[in-house]
Amino acid sequence: MRIMDGPPGARTGAAPLLAVDVAGIRCANPVWAASGCAGYGRELAAAWPLSALGALCVKGTSLEPWRGNPGPRVAETACGMLNAIGLQNPGVDHLLTRDLPWLVRQGTAVVVNIVGRTIEEYAAVARRLGDAPAGAVAGVELNISCPNVREGGLQFGADLGAAAEVTAAVREATSLPLLVKLSPNVTDVAAFAAAVERAGADGVSLINTLLGMRIDVAARRPILANLTGGLSGPACKPVALRMVWEVAGSVSIPVVGIGGIATGLDAAEFLLAGASAVQVGTAIFRDPWAPVRVRDELEAWLRAQGMASAREAVGAGRP
Amino acid sequence: MEAPGPAGGPDRRRRSPWVREEALVLAQDQGGPDWFRLLLRAPRIAPLAWPGQFLQVAVRPVATGLPGPAGAPDLAGSDPLLPRPLSICTLDPEGGSLSVVYRVAGRGTALLASARPGERLALLGPLGLSFPDPGGAASRPLHLVGGGLGIPPLACAAAWARAGGRRPQALLGARGAAGLAGAAEVAACGAPVQAVTEDGSAGVRGLVTDVLRERLAPGDEVWSCGPPAMLAAVQRLCAAQGAEAWLCVERAMACGFGVCLGCAVARSDGGGFLRACVDGPVFRAGDVDVAEPRR
Amino acid sequence: MRIMDGPPGARTGAAPLLAVDVAGIRCANPVWAASGCAGYGRELAAAWPLSALGALCVKGTSLEPWRGNPGPRVAETACGMLNAIGLQNPGVDHLLTRDLPWLVRQGTAVVVNIVGRTIEEYAAVARRLGDAPAGAVAGVELNISCPNVREGGLQFGADLGAAAEVTAAVREATSLPLLVKLSPNVTDVAAFAAAVERAGADGVSLINTLLGMRIDVAARRPILANLTGGLSGPACKPVALRMVWEVAGSVSIPVVGIGGIATGLDAAEFLLAGASAVQVGTAIFRDPWAPVRVRDELEAWLRAQGMASAREAVGAGRP
Amino acid sequence: MEAPGPAGGPDRRRRSPWVREEALVLAQDQGGPDWFRLLLRAPRIAPLAWPGQFLQVAVRPVATGLPGPAGAPDLAGSDPLLPRPLSICTLDPEGGSLSVVYRVAGRGTALLASARPGERLALLGPLGLSFPDPGGAASRPLHLVGGGLGIPPLACAAAWARAGGRRPQALLGARGAAGLAGAAEVAACGAPVQAVTEDGSAGVRGLVTDVLRERLAPGDEVWSCGPPAMLAAVQRLCAAQGAEAWLCVERAMACGFGVCLGCAVARSDGGGFLRACVDGPVFRAGDVDVAEPRR
């Protein structure tokens, strides 16, 4: 397999099959890299051209730099892993001045995952993204679902009113396409999707990680310093797929599916359930080439199914 | 993010482009009650590697030649999900082979121990920053200080130092003789070995730092790898003696190449965290707080 | 390893190490078989004496026989499986007349998992259990958490008020030890635990399955006839353990841990997190001997840790 | 719960106590583009088994001899989680061996295809109810009707029928010649085989039921195994002709021994569901609705 090395446009000509527009984010293909699993793209760019991605969601970015949690921060589980990174990131200014200009040159759509401790901080990050050159930021992914920070995570993602409020504030602060990233740690994820839709979201992405734990039986204490962490990887895929199915059936904005996607057929399941695009996260740790492989396998599947475009698959598994 | 700026001399650590390779298992043998040597043919990775760097090793052999259903490339499955980081022990860049020496610490390494000659293991590497280039200071004493499963990377390190004109001396410690995993490789790579065991079953009885304390002179250089408590002791000793120390630090990892931020190592200046996988695993002793907070 | 073949009492003498009392249910050991994963015990009894179990939770039992869902009812996932059995069962009369007398002779504590479409039905099943001979039923496990039925499952398990109400009604209807089995498909499982504690529960058991889905990409539709199903097995263990940790830290009644337990060390994790006993479910499908193996491995671990009793491990992993 | 009562004659199906056994792989060979034959030494299970019964097969070899960490017996891991149900194809009770013939349908069977002689596979079995005891009706015609991967269990069935004095005739269908997995085994077990293929590449062109229609007489007995559509057609034909039919019905399974209720087969009388694993997999045609509702 030859990895493309032109800009997305180059591929669009060759394979319009894969091109998608998600909530106003135009992508060469529906396979994105998930936030926190691809850094700011530099490491992966050493392996393959980032333009092979539909979009890259950068690590959760805050107004000021965040330290993150002490270690251990990761632990493996059956077909999955727990992480409690705690949103370590160098802040939005670093992104704007250092990483974004470089990313733009790589020719991939950049989606900025934003985090904050307060509604004002979220809005401020979104506003700061307005300082980027036009077109540099393809979209904003509002992360109200990190289970690993005391403030700025589930406090917004598990409260319908707060979710709507922060969405509305960020909507005010930016005219960029706005995705809201939902938490699976709620009773009724469709209600959250509906709430943020009403508050002005252009799309939703889900799932973020499921809150989980492991205990070291020899040391007799939780393995992660943070005690709990977020479960990701194939283990969480059935839950993610069910939530995408529920949400896609209840809102009219596009849905980006995330959770345990490691193969093209995994991606196909999410498209059939109603996702317009998918994100590959944990699979990257196992195989840095995973997003490119997923894209190629998805393309092969679409062709085998005789589908004329990825859009044709979206929701095609629904009754 | 780039490697931290040098604080006390030029940063002579090397980084390599990393590649994926399905390495052929040439041999595997049990070296002690709980540790193994695994010799791999890895003609892509071996020529790129420098001592101190590590590999991400998928513990299940690649499922080749299976009549797989189309579109299901992941036949091997995702349990264990993550590869395991292992340091390069011996290195033959021309021959295109390398070895790792590892302890069966849990399920992943136990599965790895069942790999048989002829099978292929997926590797990612070489990863991380190497020990500092040893060249250009032929007369400067270099102490290789290893403890337990921190010993293996000192083998190729010794060979590199010798090739750079240095005369490295190895101080290798373990609880007992059976735990000196990789000590033979270090010796074979040209560093005279002083074994130090807590129970006195090999070499002198005591801790490696007891012996290092006697040998160390200001201006000496130390490369060390081992458990956090040992590294912390080496760090203190070198600081007190005015020796330059480079420490190979291990942390639980997910990706191994810098994207997940799972492998946090606290900066000694309080300025947050570095990544063991790309900002290390070899760090200048003064830059990091080697004690892992929890385990 | 020789499997004991006397009544629990015989073992209690030999290994008081493992004996536990959970919410008034006295068990020879803390390893139970989970509801729906051991039927009514007859099939497993062909492999090993049921008296080796701490307790056996029978299949969810309703007032009248329930048909269950059409097939396919099960599908495998990464380190887990989905089921949508739909609580097929022959009803409480069948249990009382056919299975219970036989079970009592096996010498294991019998916990009856009860289900209903309405609060009245739940209460009626509980009341009918009063017709059993004294001591035949060791306890009741009130299942308000089945994700696979329209009525009588999450309708109670995902609504705080309804959960309390059905608990209170069943409490009224029986004087047997009463466990309430909680759903993980909620935002705040500890709130449910607190609500049922206030309503009279003697203990809680958790987790039931996580709602999930798989799609057949060739057929382009969900694999399960019921569309969604419940995720169980090792994949869900980190979520289960985290919920047990949360609940054990917030109620004062005992907690029974369930979810992905397949080894003695898995069981140890749950005990350390605060569970007084554990249930083995899906692991039985993979290995019918799993509960006995888990018990023996747990015993070996307790001894290696120098613990004088299983009770000593309960909560010992908490700060 | 017990097996459903006989409705139309005595229930001659057999049940066995089931055991767990780590069977030794004696041989494995590829029989067609997508199917394999696996010969196993299973001295505990083979003497207990009857034709029509099945095994739950763990698709990954048992990890023996690994230097496992104490208390972690599940080194092989839990992906795939569940064993795979496979019918017994040939059976040598005295020799303590048996074979299965299976199609690579997905990941589980693909992994199974990589099992090599000398490895051990964990089996549970024999499970379920057998075909009815063929003895005591030597002159009564017995038709063995198989389609695709429904053919293999008819091999030992043929041998059993022969041993019981019957003269079974086999009608074996597939899309093309390459799909007649197990047909050679059926013939070797003593039943004359008429192959029927949809593309005419072996035997006569058509469907097995086309040929069965010509052969079937009232009072005949039919044992059939194959895809749901074929079983339904056999069922109709036999009902119309007044023949007694026994159908081997496959359903997705979790446990395979009756506790999960995953393998629901609808009762034809509308009275709910039976379990394919213990109330079958061989059912009297009149008792069940063989068409699986969804796939």
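Order of writing sets the chain letters: A, B, C and D. Residues in each chain are counted from 1.
The criterion applied here is as follows: contacts are C-beta pairs under 8 Å (C-beta built on N, C-alpha and C of every residue); 3 or more make two chains touch, one makes a residue touch a chain.
Just so it is clear, the structure is predicted and the values come from calculations on it, not from any experiment.
S.K.: Which chains are shared contacts of chain C and chain D?
M.R.: A, B
S.K.: Comparing the two chain pairs, does A-B have more C-beta contacts than A-D, or is it the other way round?
M.R.: The comparison resolves to A-B.
S.K.: Need the CA-centroid distance for the pair chain A / chain C, whole Å please.
M.R.: 35
S.K.: Once you find the CA centre of chain B and the CA centre of chain D, what distance in Å lies between them?
M.R.: A distance of 53 Å separates the two centres.
S.K.: Taking each chain's centre as the mean of its CA atoms, how far is chain A from chain D in angstrom?
M.R.: For chain A versus chain D, the centre distance works out to 46 Å.
S.K.: With chain centres taken as the means of their Cα atoms, state the distance from chain A to chain B in Å.
M.R.: Chain centres of chain A and chain B, defined by C-alpha means, are spaced 34 Å apart.
S.K.: Among the residues of chain D, which are close enough to touch at least two other chains?
M.R.: Chain D, residues with two or more chain partners: 72, 77-80.
S.K.: Two or more other chains in contact with one residue: find those residues in chain A.
M.R.: 77-80, 221, 233-234, 265, 301
S.K.: Are the chains arranged, by touching, as a line, ring, star, complete graph, or other?
M.R.: Topology of the interface graph: complete, with all chain pairs in contact.
S.K.: Using the touch definition up top, name the residues of chain B that touch chain D in the complex.
M.R.: 30, 34, 36, 63, 65-69, 72, 75, 77-80, 104-107, 110-111, 113-114
S.K.: Going by the contact rule set out above, which residues of chain C touch chain D in the complex?
M.R.: 36-39, 42-44, 46-47, 59, 65, 67-81, 83, 85, 88, 90, 216, 219, 221, 223, 225, 233-234, 262-265, 282, 284-289, 293, 297, 300-301, 304
S.K.: Along chain A, where are the residues that touch chain D in the complex?
M.R.: It comes out as residues 78-79.
S.K.: Contact residues on chain A for chain C in the complex?
M.R.: 77-80, 82, 158, 185-188, 210-215, 217, 220-222, 227-228, 231, 233-239, 241-242, 245, 260, 265, 268-269, 272-273, 301, 316-317, 319
S.K.: Contact residues on chain D for chain A in the complex?
M.R.: Touch list, chain D to chain A: 77-79.
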